[in-house]
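Next, two complexes with subunit A in common: one pairs it with subunit B, the other with subunit C.
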Partner chain A sequence: MTESTTLAASVHRNGLLSRLSAWFSQERVFRWIPFVMVEGMFILILIIPFALTIYISFLRWRANRPFEQAYLSGLRNYESVIADSGFWDSLGRTFYFAGAAVVFELIIGFFLALMVHQITRGRRFYITILLIPMMVVPVVAGYNFSMIYLDSGPLNQILAPGLNLFDINPRIRWLSNPIAAQWAIILADIWQWTSLTFLIFLSGFSALPPQLINAARVMGASRRQTFFWVELPLLKPAIVIAVVIRSMEALKMFDPVVLLTFGGPGTSTQTVAYYLWEQVWQFNKYSFGAAASIMLLIIFSVLIFFGIYLIGRQGKAIERGEA
Partner chain B sequence: MAQIGLKEVVKKFGDFVAVNGVSLDVHDGEFLILVGPSGCGKTTTLNMISGLESPTSGEIIIGNRVVNDIEPGERGLGMVFQDLALFPHMTVFENIAFGLRVKKTLEPDIDRQVRAAAEAMHILPLLGKRPAQCSGGESQRVALARTIVNDPSVFLMDEPLSSLDAKLRVDMRTELKALHERLNATFVYVTHDQAEAMTMADRIVVMNGGLVEQIGGPLDIYDKPASRFVAGFFGTPTMNFLQGEIVAANGALTFQCEHIEHFLAENTPDSLAGKQVILGVRSEHVVVNSGGQQGQVKLIEPLGDVSLVFFESGGQEQLVAKVAPELRFSSGDQLTFGFQAAKCHLFDFDSGTRLN
Partner chain C sequence: MSTDAKQALQIANRRRWRRTVVRHSILIGWGLIIMFPIFWMIQTSFKDAHEWVTWPPHWVPQDPTLKNYEQIFTFDVQQSGVAREATEQPFNIWGAVADSLIICTTSALIALFMGAFLAYGISRFNVGGGKFRHSVLIIRMIPPIVIAIPLLMYYAIMVPLASETVLGFRLSLFDTQFGMSLLYITITLPFVIWMMLSFIDEVPYTLEHAARIMGAGRLYTLRRVVLPLVASGMVVTFLFVFILNWAEFLLSLTLTHPDVSTLPVLLNKFQSASEGRLYGPQAAIGTVITIPVVVLGVLIQKHLIKGFSFGTIRK
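Now for the complex of A and B:
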């Protein structure tokens, strides 16, 4: 008798399973599965936190009190962000860091690409070497730089002979002098991300049609004329793309600050990303941080849309053959 | 003075030999065409004349000086490239003016010369446009105007018509030839299209595998191909080739293969008797409805002015005859055929060189 019950149960279970799998394998059901999974992920990790951030930005709440005591307080958080000089100072500093870093990354990356493009022998080797910094995990890069910048570290050792000539104390305190610390962070960013601009420019150089350069040569153009009249104008799209991509990334600069200076000395190396992190995770000012990040989102969005507009305009110009 | 000389020019890319000892002379004011299949070294040869490639060994002489180590821009050449190589970021005017700006010509002179060149090529209304806004034929004219404005004594052209459609290509051939007459300059032109070579050239250089196969006037090459390769390369449809043996019988030489026997012309040297050869005969020299050979029609291609009849003769390779369109055949018909003895070409079976 027991045998027949288990048999019946298994038939029942199998029936249910097969009915379920039959239901799933209908096309009208099945075609929703990938969609639901992707969209579900999207809602879970983007939409919900984003909605919560907006909600929290209108609350009066600090994480050292229970959430039940939080209450809506209108735009008060936004008012205090606008009134907060720390926010604006760090935002200004971010633009300063990003601007300086991106300018150097573009110039150095451009010249490296120009040189590597002309190498025929061992080109792969140089490309590999020059791309390594980009592949290094930012935390590792930051940690390495924290050692390079030690008072008795390798950077000062290398600089010492030169500095002695000018009677400058060779123990430059890279991370505790405000200006030196700012440039220490910019330098770390340049080291890591010049690889990317190099890569963009190298692909730009490789995409230059050789016939155009030959045509210029046959017409007697010098190397300089060919570069400024033919190659550089044709590289404009690559330049715009490099500027936009690097600027977007550099405005979010965070890792080198945490790893090298913790925003110090004082607040001299606080970027806006670091400032937000500190307000929220160190001072528990959740609702203030939420409001500040929403404002930052608006400011950066405007910049990014402008960047996308520039890339798009460049793309259309290429289609029209104007480049 | 714009004669060009190549002396035993060799170009190697690593282990690959692109040009293997080419010697030729281009006369002043000549329209010389380098022709051959892809990879035969014709473009490499042209690039060595222009200076874009430097020869591995040998000498290149323009005028009276050896130019091996002279920059392309200082050789006094104009070049039209296969894909035209117009600068996409410049207007047509700026494209044409490029060479003049390089030479630091004064602005009013640039304007005058560019307009003159544009007028000569009938592209005045295009001056403000970008190359991408021009049609294929217009771009072609812009590329030519950009070259003639610099007034070079030698024009190098690397398959400049390959991007045009068939009709326009035929029109441009006539125009290029007229341009050559007008400018009285030396033209060196590269193409893989034998019809282009035949119609435009004063002399043709046929290249194959990095070597020159034959140099000569268009009709010389057509009538007396120096090798089996040249014979097969020129003319449409391709020349008929039959493989067989030369037999001496009753004081006359005959060509014999499996099912075909053909009496050779009287001037055929007797020393060829007993040799394995390839007999080549053009489709227009195959006589149909007379002669002693039997064949069966497989396919007819009526072209209007003539018809091409493809037929088989007892399992041999397919043969083709060019016949008057009034002769109506249909597939499966039996026909008789023969070859015009004086128009048969004999090639060595192994080396492919001409024997008669």
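Now for the complex of A and C:
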């Protein structure tokens, strides 16, 4: 007690410090301290690098030359990005991968959540098991699938009896065929992220108000009618959120590509993230990469705002009491 | 009861029984699909070099061995017998483990501190306006490659140049634990703010108001009234952010080489070598990375189900 009073007294004696602490503990200042800290972090680590990137995207410069020798070259980098078929191909491929993966994840996740919702016994056990893939580090998942797709891996062993009937050598190199490699990556993504859609749908199902469903049942709706006309509309927010969140994540796809195929065979599995990574880190095309990442940001921000708009609309509908 | 009704009941019961069986078998089937890759990794980690790739593959190691774990956990990398292949460089994972643990823990702690503080401000005083709540999540949606390219140039070129002209010595954030931690703090802050908001919103403001009226200072109120009520939420948020950082791959792959290396990057290092792929040690590293995270994830699972409702649960 005495110690703290002496401390307080010493603070009071020190005029500047006490005035400073008084200024900081003012209500209007105090509440902005964390905001300033966090915004400072964002500015330091995200905004300044982006400003520099915009500057670099107008330069003519490769990383193997000193930065001081670079000179401005107008919009040349943007022109070369727009003219670059590799960029647009990989962008299209990214949408193809994301679309295929997300559709399967939504369907499988929805039915798994429905089944877990309907059973009574062992629900906790199933939830624990089905959520494990989400916790597995994506790199490890990619490594696991690279082992499974090996030409002498378990997948070929399981398929071997069927393949032997048709006289096909069962030791297929899945990752050497363009289409098989693409689907290998999509399957790895489905394996890992179905658990996320499952989780979102499960929390949606468990939030269904039982009164409404009971009311519909009492009024004579069949099980199927209740499902389609009562439960499904109530689940709309969960579906929208699952679609938006999963699509956003799937469009970033990078880890399984590196772990499974390194973009190969040829360029058949390059996603846009992998393509840019290769351009910058393998070929040192820094200013090209800068221009491409600015363009990618513009393309993605349209999608992001659309996604936020969709989620926000659902949130407002919930607040209004509709569904 | 008439016989007809009895029969109908019997049929209904049988149908319900059949439905239950179908549901359980589908769930078990999917569970097996889920567990198979993990099982395969774990059993590969116990195989010796001659068993890594065989045709037909062995589903259970025929002579189980701990050599892979011995190799990755060995302290003395010069010791003979550690490198088992001609192409193989002797290595251990202690450096990567230390880097991963330091980077993930410090960045998660600092992000938690800053984010929880700001979430409190947003929840109580509406700091940053009503839109700020949702707009922080935009940062989370930007693809990491778009962040990685500017950051590489910033860390490796701009910061050294600037520090040399301003401070007089060369300070590089590239390939340092400090730089990686700063980056991880920034990209996980939106998640922290967002998760902590949902926990802090549940604490009634009247409690704090009462404490303030009774003469408690602002920080004292925070520490003794609010903090105990959101402590469990903070633990969940910390673990979640830790898992996110632990699994992060693209940014650590691009911004660290060769001094600092996180565990996913180390695992990937042996993936590209087309001839000298170290299947066994890779499987051991994978197991070491996976097990703590899965255990943590199972611990916070209950909260994840709540957290991932994204506000769709009606109160």
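Just so it is clear, the second predicted complex is superposed on the first by the 272 of 323 C-alpha atoms of A that agree within 3 Å, B and C clash if a C-alpha of one lies under 4 Å from a C-alpha of the other, contacts with A are read in each partner's own complex, and residues count from 1 in each chain.
The rule is simple: contacts are C-beta pairs under 8 Å (C-beta built on N, C-alpha and C of every residue); 3 or more make two chains touch, one makes a residue touch a chain.
Nothing here was measured: the structure is a model prediction, and the numbers come from that model.
In the three-chain model built by superposing on subunit A, subunit B and subunit C fit together without any clash. Legend: residue contacts after superposition of the two complexes on their common chain; A:101 is shown touching neither subunit B nor subunit C.
When the two complexes are overlaid on their common chain A, residue A:186 makes contact with neither subunit B nor subunit C. Of the two partner chains, neither subunit B nor subunit C is touched by A:250. Looking at the shared chain after the overlay, A:133 reaches subunit C, while subunit B stays out of its contact range.
When both complexes are overlaid on chain A, the residue A:113 reaches neither subunit B nor subunit C. In the superposed model, A:209 lies in contact with both subunit B and subunit C. Set against each other, subunit B and subunit C touch different numbers of residues in subunit A, with C touching more. In the superposed pair of complexes, A:70 makes contact with neither subunit B nor subunit C. Here the smallest spacing between CA atoms of subunit B and those of subunit C, following superposition, is 6 Å. Across the superposed pair, subunit B and subunit C both touch subunit A at residues 209.
On the side of subunit A, the complex with subunit B involves touching residues 209, 211-212, 214-222, 225, 229-230, 233-234, 236, 320-323. Residues 50-52, 71-74, 77-79, 81-83, 85, 87-89, 98-99, 101-103, 130-133, 146, 150, 156 of subunit B are the ones touching subunit A in the complex. Partner subunit A is touched in their complex by these residues of subunit C: 20, 23-24, 26-27, 30-31, 33-38, 40-41, 44, 53-57, 59, 114-115, 117-118, 120-121, 124-125, 127-128, 134-135, 137-139, 141-154, 157-158, 161, 182-183, 185-186, 189, 193, 218, 243, 246-247, 249-250, 253-254, 263-264, 267-268, 271-272, 279, 282-283, 286, 289-290, 293-294, 296-298, 301, 304-306, 308-314.
Residue ranges of subunit A in contact with subunit C, taken from their complex: 25, 30-35, 37-38, 41-42, 44-46, 48-50, 52-53, 56, 67, 108, 111-112, 115-116, 118-119, 122, 126-141, 143-148, 150, 152-154, 157, 160, 171, 191, 195-196, 199-200, 202-204, 206-207, 209, 237-238, 241, 245, 248, 251-252, 254-255, 258-259, 262, 272-273, 276-277, 280-281, 286, 289-290, 293, 296-297, 300, 304, 307-308, 311-312, 314-315, 318.
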